[in-house]
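Below is one structure, written out as structure tokens; comments come after it.
The chains carry the letters A, B, C and D, assigned in the order they are written, with residues numbered from 1 in each.
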Amino acid sequence: MSGSSFGKAFHITTFGESHGEALGVVIQGCPPGLLISEDIIYQALKKRKPGNGPASTSRKEPDKPKILSGTFNGKTTGTPLTIFIENKDANSKAYEKNAAIFRPGHGDITYQAKYGIRDFRGGGRASARETAARVAAGAVAQIILDTYKIRINTFTISLGGIHAERIDPGIGDENILLCPCKDAAQKMLKRIKEVKKKGDSLGGVVQICASNVPAGIGDPVFDKLDADIAKGLMSIGAVKAVEIGAGINASQMTGFENNDQITKKGFKTNNAGGILAGISNGDEIVARVHVKPIPSISIEQDTIDEKGKAQTVSTKGRHDISAIPRINKVCEAMMAIVLADHILRQKTLV
Amino acid sequence: MSGSSFGKAFHITTFGESHGEALGVVIQGCPPGLLISEDIIYQALKKRKPGNGPASTSRKEPDKPKILSGTFNGKTTGTPLTIFIENKDANSKAYEKNAAIFRPGHGDITYQAKYGIRDFRGGGRASARETAARVAAGAVAQIILDTYKIRINTFTISLGGIHAERIDPGIGDENILLCPCKDAAQKMLKRIKEVKKKGDSLGGVVQICASNVPAGIGDPVFDKLDADIAKGLMSIGAVKAVEIGAGINASQMTGFENNDQITKKGFKTNNAGGILAGISNGDEIVARVHVKPIPSISIEQDTIDEKGKAQTVSTKGRHDISAIPRINKVCEAMMAIVLADHILRQKTLV
Amino acid sequence: MSGSSFGKAFHITTFGESHGEALGVVIQGCPPGLLISEDIIYQALKKRKPGNGPASTSRKEPDKPKILSGTFNGKTTGTPLTIFIENKDANSKAYEKNAAIFRPGHGDITYQAKYGIRDFRGGGRASARETAARVAAGAVAQIILDTYKIRINTFTISLGGIHAERIDPGIGDENILLCPCKDAAQKMLKRIKEVKKKGDSLGGVVQICASNVPAGIGDPVFDKLDADIAKGLMSIGAVKAVEIGAGINASQMTGFENNDQITKKGFKTNNAGGILAGISNGDEIVARVHVKPIPSISIEQDTIDEKGKAQTVSTKGRHDISAIPRINKVCEAMMAIVLADHILRQKTLV
Amino acid sequence: MSGSSFGKAFHITTFGESHGEALGVVIQGCPPGLLISEDIIYQALKKRKPGNGPASTSRKEPDKPKILSGTFNGKTTGTPLTIFIENKDANSKAYEKNAAIFRPGHGDITYQAKYGIRDFRGGGRASARETAARVAAGAVAQIILDTYKIRINTFTISLGGIHAERIDPGIGDENILLCPCKDAAQKMLKRIKEVKKKGDSLGGVVQICASNVPAGIGDPVFDKLDADIAKGLMSIGAVKAVEIGAGINASQMTGFENNDQITKKGFKTNNAGGILAGISNGDEIVARVHVKPIPSISIEQDTIDEKGKAQTVSTKGRHDISAIPRINKVCEAMMAIVLADHILRQKTLV
């Protein structure tokens, strides 16, 4: 079935494994006449690229996208837009030794249970490398959002147990961790170094904000805007929790505290995170994801192999220490895809 | 578009407004030959019914379901199974006075923005009453799960800021709040009474656990089992956050702490919440939802009306104080629907 | 899976069996603010109703539709619109005698093979009565088409081997067979009488024409407008062939004969039937369906029963002699549904 | 929206334009563990390849497929299977001269109406070259069908007004036109030569037969097996009519003549074409498509350009004289895709 497809009006289908020939995405429903180039997509991919920064793997992928279909003379044609990203620096050798061993925290054991066969090289389809295709699709979605002046920003608000004390939007892009709080950012970098030495890894929290989303986007009942955002974000490999607006704190408030009262100038507060009853209210859309630490660590762990025999494993391959900040760009892409989808859907009603 | 449909192999479509003629659901993909009766569905609906317990509205709905199609001689036939629930005790008068006023925390303002028209009576399609159709569908899904001995339990682990200190599974069903901790349950009841007096409302946290789910259920990339659970749960009106397994705590651990090491007997821990790379690992599926307080409160709040004029509003209608514990049964239903869907999907691969 | 759903932007889901409680349809994606009433739907259903005319069954169904959801103060709200039609005159007794016998030309044998269980009463879900739900949905689709002044007409151009010699659009509605040729209509009526005496039944050909469809409707590749029309029409029980434009004759022409040359005033001919490369060209959409004779006949036929034992069967129940002209209204409905769907889809691109 | 996707359990998405970088298909839902190779797909593509036979274009495309994802060690993994076919011999120059002119019988005018922009080179997405991706997907579908010993054959039963007088299954593969009647085949070849001289083109009729399809495949109401076959076949560019079983002749028979009576040994006749009430009955599936002549002809025709100005056009490019017999392999592929889809769907019910 269509588990690698997402969206209804802006409909994407991704493909590819970590160490296969290529990754890619087919985008259906992209309106015609939009200016597009491989460079626009490359700029988005560059921010997610492996090989950047202190928490990142040393795998070097150029991630130069190629547009295979759906454009003509630099514009979208309305037909399926296909983006193709070659795998160039895959090192499958590193995986052969432990091919039959289920790495804890990875999908090895579940893929084997599901399919009875699996591409063990670099995690195959379960690899975080899969998200390059999402980022490419997100770059296209953003072109649609640009016509509404919708801006999406992501902030690393927690990493390795260190929390940003404030969100200074200007700071985020300046530092490599996309942390909007200078002091926290420095502590995070220190924490990463310590943990790297131990061969361990770190998780964290990313906040995604979308401004200028018009009111009235989203559908009742199952395809609520927040439900689709939750699915989109939770479908990113390392994400273990998704919050909208006040999120987990909303459960601790009373109705009077949590309700966003309304004045002529707008909402007094934004506990709703810009979404009421599954439909955007014109305020900023706010979501947060809680990201688990990278499961690949060099500390020895107990596990079993395909035959059920006890084994130990420690992963020495090239891996990130934390999915943050590379995952931020994936979250941004998924938010863009959901918003573009619902913006196009809304057009069928008016 | 199909925003009121959910699932691919077990495919449900719900309909109905709070004060309309009826609510209902059409279920496609239900295997033939399953024993079914209106009473099985009624027993599930009774647990979600308004009019039960200290936090509940005084609206009295019999919620007697009628099966309109898809069964023959007490068995499912494989054709669309339609369940119909009449609205009997709707009191639309109470809503007419404030018809043009946007109630804070409700979908009034967003439905108006989206559609330019709305059924203001009891929240229309945005009413929590919509979830009766989900519970009916969940009862059917559970019949499929029964053949795998899959059991779903829900626990109120937080309400009005009071947290269960332990989960004693035996306790949950005994008390009216479905709280698995006796002491906490008593404090919660006290808290409800206090808040009721003030005309305010409460939120809380519900944990949903599914045992005996076979390994190998769920799809890669977008239709990950946890992504579909997140969508299903976040699509329930009052839910503002969804966690899987260790959830928000996973972001604070290191990889070594968070990885569930594997022995011949199974996983040492269950931080994954039974799902790795979007596919069930055979362990207990664990999810938590954070539920905002009911927005309908009798405390006066600032708002505006359809013309943008400043107004104040206080809701005197019949409302729950907390969505808990009625929402627990809705969460249970959504979990059942997602699991049934993915169990049927898996059959296409083997 | 969702085999009883159709359409993407205008998305319908039907349910119900011939002798069950009710038939119905849930329509998603209907734009808000459209004037609607049960009477509009009833007027459409009346034309398809059993009990009319010389070729029709004597089953008398009032077919009074009830709108269960999706409207408010006489207008659509944009939420799922549910229409419900009760079965009142089902006579299941007539079917009990031959419950275990597979009637030739019917779905008895295939439903049994597929599901291992079947509702034998009146054909269950396979009954032509299912099409009442399509006609109800078609009446709603037509409300959308009305805003474009799109008109759909159907003509009986062949019945029982007698062919209309010309299409005089004015004639169609005047005679009970919807035949646009007076002479042919009279011969057809005579033929029906003869065949009725023999206990046999008749097939025929229906032409469906849609005018004022704007150019640019339809999608490339699989969801071509003609492909969706073909699916919609072929999904009507008795239909065995679908033609678009010149249809079967197109295969006998040369390119020069078949190509519709273009002038400033439009196309010189309409062999394309208003569709080029799956997209409407602004000319009249023309389709034809070839309808098999009603399989229920009172002539004795060889068959087998559920145990594979040889049997003979002759159907004495209340049945039409020909699906025509009642099927005309079903074809009209399906055309309306496909056009409404693609018109709404097109809005996502502009 | 997803107009380039087809199927629910076996779900394909195609992309690519005639003169773009490449064509391709992403296949979701393919069961894991199937033996597959680029050569299997190449063998299927070779039969559809341009450059073969008297009716074919002189464009020479190697059509060497590359598998980009979804396999491991020569077996399918269950994840999206992507097949990629490069365009090597596109000659866009030939199209530049008439870029602004709408060729009669082509989608130029409708693509322009729909999108306001179009890739005029070789028809862009509307080119028959798009069907290479279908044939690749069909080759994968056939691997699934092989496990059921399902065989699909296609026969050219009419071409340029010459009809096969009998179907001798052994003959079809022997002659280049796939015509199962030796005498007719020779006349067809002669007819092609005559018409080629005149710069005109020809249509014809193809019959597609599938044997060994198990009973019970197909869904009630909209996703009937014949409805999905009709959609699949009608979505092939040049097809203007689809028949199932007795097809257009069924409309001229009486019920007694058309009903396939049943004996212990099976059906006495196969007017149903192997499908009753949308579900396979175990007999041979029989469909026929009526193919219009290739619209590209060198005879001068009247038309208009993008500005609405009168023009004449005659196409001198490299084109087939008839879509037959290359289209036969596309029909075969679509039949395979529909059958594979419904076979996998059926597994969810048992």
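We take it that contacts are C-beta pairs under 8 Å (C-beta built on N, C-alpha and C of every residue); 3 or more make two chains touch, one makes a residue touch a chain.
From a predicted model like this one, the values you see are computed outputs, not experimental measurements.
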Of the pairs A-D and C-D, which shows more C-beta pairs in contact? C-D
Measuring between Cα centroids, which chain is at the maximum distance from chain B? D
Can you check how far apart chain C and chain D are, centre to centre, with Cα atoms defining each centre and the answer in Å? 26
Whole-Å separation of chain centres (CA-atom averages), chain A against chain D: 39
Where chain C touches two or more other chains at once, by residue number: 1-5, 8-9, 14, 29, 32, 78-79, 114-115, 125, 220, 345, 348-349
Could you pull out which chain D residues touch chain A in their complex? 1-5, 8-9, 11, 13-17, 20-24, 26, 28-29, 32-33, 66-70, 72, 75, 77-82, 84, 114-119, 124-125
In the complex, go through chain C and note every residue touching chain D. 1-6, 8-9, 14, 102, 104-107, 109-111, 113-115, 123, 125-126, 130, 158, 160-161, 195, 200-205, 215-224, 226-235, 237, 240-248, 250-264, 268, 271-273, 275-282, 290-297, 299, 301-304, 308-310, 345-346, 348-349
Across the complex, what residues on chain A touch chain C? 8-9, 29, 31-32, 78-79, 220, 344-345, 347-350
